[in-house]
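You will see subunit A twice below: alongside subunit B first, and alongside subunit C after that.
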Partner chain A sequence: MIAIVGAGPAGLAAAMTAAQGGEEIVVIDSAPRPGGQYWRHLNQVEGYKSGRSEKYFEALRERKNVIHISGAQIWSAVPGENSITLNYLADGIESSITVQKIILATGAHDRAIPFTGWERPGVMTPGAAQALLKGHNVMAGQQILITGTGPFLLPVAVGLAAAGADVVGIVEAHSPLRWLMSPVALALNPQKALELLYYIRKIAKYKLKIRFNQAVVAFDGKSATIAKVSKDLTTKKIVSKVHCDVVAAGWGFSPDVTLGGILGCKQIVDLDGTVIFAVDNHQRSSQPNIWIAGEATGIGGADLALIEGRIAGLSALGLGISLRLRFQRYRLQKFARALQVSYPVGNGWQGWLRSESKVCRCEEVSLGEICSSVTELSANDARTSKLFTRAGMGMCQGRICSRNVSEIIGVQTQCQVTDQERIAYSNRPIAAPISLGALTDGIK
Partner chain B sequence: MSNSASQKISFTFNGVAHEGVRGQSIAAALMESGVRELRQTRFGNEPRLIFCGIGVCFDCVVVVNEVANQRACLVEIAPGDQIRSSK
Partner chain C sequence: MKNPDAIVIGAGIVGACAALSLTNAGLKVLIIDRGTVASGTTGAGEGNILVSDKDPGPELTLALKSRDLWFEMQEDVGDSFELEAKGGVVVARTDDSQLMALAQSQSKHGVITEKLDSVRLHELEPYLHPELSSGVLYPQDAQCQPMLAAARIIQSVIARGGELVMRSKVLGFNLAHGAMKGVVTSTGEYSSPIVINAAGTWAGEIAALADSYLPVAPRRGFILVTEPAPQYIFHKVYDSDYVVNVASSDADLQTSTVVEGTRSGTILIGASRERIGFDSTMNYEIVRKLAAQATSLFPILRDVQLLRVYRGFRPYAPDHLPLIGEDSTVKGFWHSAGHEGAGIGLAPGSAALITDAILGRDSFMDPHAFSPKRFAEVLK
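Entry: the complex of A and B
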């Protein structure tokens, strides 16, 4: 039996491919419905190629050799001799399943960067605004300002505007001219130009105002302060204030590497500092019988995730990978690399904060407290600072703040954050919170 | 999708009656009816709403039928739910 963890594009592509080979497949996903963060289906939202998911959902529903366990949070994984046991929590009950092979497709979440007032109600990630609309048919607010960096801001803005939201602007920190640094990636991916054209037309249709080289650096609950920023995000000058009740701010993505980390799959640090898994050209991890596909092997978007999922599914069946599939992956990987080059997240954001601005949202730890842990208490890495300040010790277990805390300590101590530290803060020994009651009640 | 709009669900939040649609998360249903504060923080008593919206940040935790630390962005509303803010 093959277990596939995650029912987003990568997981669903892996499931459909592996199921076609006749294997018994179990897809385990934490959401109540399949699709991951990319495909959500309470209602249809306007977006480029938004109707691609149906054949994957159908395979999940109709194929007799595919079981879908939804609403299940895997909290631990234990490798056996020729098997792997996944322990999960569903409907308050702890269960486990033992399989021969697993394909991890655990996806990613928006990377968040603090600014003054980012803890106020109304500040959220673009993913949150999109999830509210796509998954729940709810508009995040009356006047929505979208900010951050990267092409994901466009579908979020267009989706919201098409559904009737008042999108008061898109504030992109970088210039589109940065794409000129990646001519090979552009030449290899002409289909991406069509996607861009689609969004340019929609931006014109909904009369969306887009600003480049600017960022939201503060929010007071009623309006957002917008500054012109340099390419490392340092504020050059404040340019305007925009009235809004929602600021949706997203700075690329952080993959979920927890489960593969627990299973000992080798991790590496990508060019932009993101911790990802090292996989070979069959999507095999460093551990036997574990494949990894999608964002956890490098942020690349749904198109790349679909190809990687297919490759992982074929490889798990013991089949070869065609040249055509390898080329499709190669050119999309080139494109993913160009995304990193075009939309870097430098450390200039640290200057947007006041001393009392919160950096760790869970434990309410301010920039000032983190800096004093360095200057007063001689903390020289994120872990030591965490022990002094509790930054990263709250319920999210540092998923939101640990990378930012680490970058702050790096700037304060004038030391580069090491790969070892990046891998350390990206991993946690337990993948999801579980109560001792659920562990000890003997129901399994 | 099409017929779900008719399936109204009643629940309470901090003692006040609210309505939502089947399949909606607690956070979505409350935001739809104009709620802008799901809880206050432990130390600074600051209001919090949703942040990541997909179950990662735990900023939106509420008490659902006396079970604490439930993520309002993930847990779907059920008829008769009694939901309150946690600290």
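Entry: the complex of A and C
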């Protein structure tokens, strides 16, 4: 049996491919519906090629050899001899499943960066605004301002506008001219021009206003302060205030590497500072019988995730990978690299904050407290600072703030954040919270 | 600092306290650590300052003095590290005769104890399992936030003329005619006639660099950390098996329940003990066992979520006593290590013993039982 963890584009493509080989497939996903962050449809949502997920959903529903376990949080995994046991929680009840092979397609979540007022209601990630719309048919607010960096801001803005939201603007921190640094990636991916044209037309249709080289640096609950920023996000000057009740801010993505980390799959640090898995050209991890596809092997978007999922599915069946598939992956990887080059997230955001601005929202730890753990208590890495200040110790276990805390310590101590530290803060032995009662009842 | 009067190896709680004590005695102290402040066992502990888990003997004498020194040190350092005399409640799960006998003998040696009947036990800990009916209250048991404590103490040392060098790994020692001359590290050489090895679980490796022998081995422990919960637990609560396990030399896994709340609302659950070297592999069966023991003491914890698990390595000596005193061969080379799971509690007392011995002063107790020379004699 092959277990596929995650039902986003990579997991679904892997499931469909592996199911065609006749193997018993189980797809385990934390969401109630398949689709992952990107395809979480309830209603039809406007977006480029948004209908292509249907055939994957159909395979999941119709194929006799595919079981879909939804709403299941895997909290731990234990490798055995020639098998791997996954322990998961569904409705508070713990179950486990033992399989021979695993394809991890655990995806990524938006990276959030603090700014003054980001702990206020109304501040969320674009992914959350999209999830509210797609998953629950709820509009995040009356007047939505979208900020951050990267092409993902466009489908979010268009999706929200098409559903009737008042999108008061898109504030993109970088210039589209930065794509000119990656001519080979553009030449290899002419199909992406169609996608871009699609969104340009939609932006015109909904009269969306885009600003470049600017960012939201503060929010007071009623209006957002917008500043012109340099390449590393340092504020150059405040340019305007925009009235809005929602700020959807997204600064790239953080892959979810927890489960693969528990299983001992080798991790590396990508160009953009994210921790990802090292895989070979069959999407095989460093551990036997574990394949990894999608964002957890490098942020690259749904198109690349679909190809990687297919390759992982084929390889798990013991089949070869065609040159065509390899080329498709290659060119999309080139494109992914160009994305990283075009939309970097520098450390200039640290200057947006005041000393009392919260960096860790769960434990309410401010920038000032983190800085004084360095100057007064001699913390010179994130782990030590966290032990002193409790930053990253709350409900989210640092999934949101760990990287930001590390970057702050790096700037304060004038030391580069080491790969070892990045890998340390990206991993945790408990992949999801579990009640002590469930743990007790699970004793063999 | 070019020529410190003394060098302390290790910026954990034991090194921090030793450095403060020497500084207060007028010495210029340099602290070096291969990592950062509290990056070893101190950073993986609960902050136990216990007298309840010790049998009468030299360790209990040290623990009692050390506990008082903690409160003096808080006055001295003038800063908060969440020191709190919260008191310990030891619960007998079945037969309470062993526990009552221990409490009786402890009380003859300066430990304050109160035998608890069912009513009083549930008055102190209303969420305890209703069938538990006997225990002992130890009001002297205390707790601190050990990482903050180490950092604040080291900050005082620096403010009083000392220095801290982090990410400095000891590579060797300069010795002359069997006497300490200084330390060779990855960040340079430091000369000093006095070096204190406070490297905790790694103290044996440091001793070996001076061709000496210190039998300190790791004893692994896991601690469970829950989400912040309402206050269900008012003391440090543990079952009487804990005392038996602490004193055991068994290499196999032992678990006994220790449950307590913290100021941030999270609940800490321990304690497992295994001697399997520096193996940091996660073991979910131990996690389950600790959870089960905690929920059997406090059924209300069944609905509380586990958020995180951390592990640490206690520095363990074969006879369970710390190693405090001068090295068996090298003059001017001192050890304060091997405190096992009691390092936070015993740190200030150990620091006082070391300082007194270095300065040739009389101490509050005879430190002979802790002398590192006891193992050298065994070897001969």
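Note that in this section the second predicted complex is superposed on the first by the 441 of 444 C-alpha atoms of A that agree within 3 Å, B and C clash if a C-alpha of one lies under 4 Å from a C-alpha of the other, contacts with A are read in each partner's own complex, and residues count from 1 in each chain.
The working rule: contacts are C-beta pairs under 8 Å (C-beta built on N, C-alpha and C of every residue); 3 or more make two chains touch, one makes a residue touch a chain.
Note that this is a predicted model, so its numbers are computed, not measured.
Room for both subunit B and subunit C is found when the two structures are superposed via subunit A, with no clash between them. When the two structures are aligned on the shared chain, A:Ala90 is found in touch with neither subunit B nor subunit C. When both complexes are overlaid on chain A, the residue A:Leu132 reaches subunit B alone and has no touch with subunit C. Residue contacts after overlaying the shared chain place A:Ile67 against neither subunit B nor subunit C. Working from the superposition on chain A, the subunit A vertex angle toward subunit B and subunit C, CA centres, sits at 80° in steps of 10. Using the contact criterion defined above for the overlaid structures, shared-chain residue A:Arg428 touches subunit C, although it does not reach subunit B. In the superposition on chain A, A:Ile321 makes contact with neither subunit B nor subunit C. When the two complexes are overlaid on their common chain A, residue A:Ala112 makes contact with subunit B while staying clear of subunit C. Using the contact criterion defined above for the overlaid structures, shared-chain residue A:Ala140 touches subunit B, although it does not reach subunit C.
In the superposition on chain A, A:Met124 makes contact with subunit B only, while subunit C stays out of contact range. In the superposition on chain A, contact is made by A:Asn380 with subunit C only, not with subunit B. Superposed on chain A, the gap between subunit B and subunit C at their nearest CA atoms measures out to 8 angstrom in whole units. Comparing the two complexes, residues 394-395, 433 of subunit A contact subunit B in one case and subunit C in the other. The touching residues of subunit A, counted against subunit B in their complex, run 30-32, 37, 41-44, 109-110, 112, 119-125, 127-129, 131-132, 135-138, 140, 361-362, 364, 394-396, 399-400, 433. Of all residues in subunit C, only 36-39, 43, 147-148, 151-152, 154-155, 158, 164, 166-167, 224, 226-228, 264, 266, 269, 282, 284-285, 287-289, 291-292, 294-296, 301-309 touch subunit A in the complex they form.
The residues of subunit B lying in touch with subunit A in their complex are 1, 4, 21, 23-25, 27-29, 31-32, 36-37, 41-44, 46-59, 61, 69, 73-74, 76.
Touching subunit C in their complex are the following residues of subunit A: 76, 78, 87, 262, 363, 376-381, 383-384, 387-388, 390, 393-395, 397, 428-430, 433-437, 439-440, 442-444.
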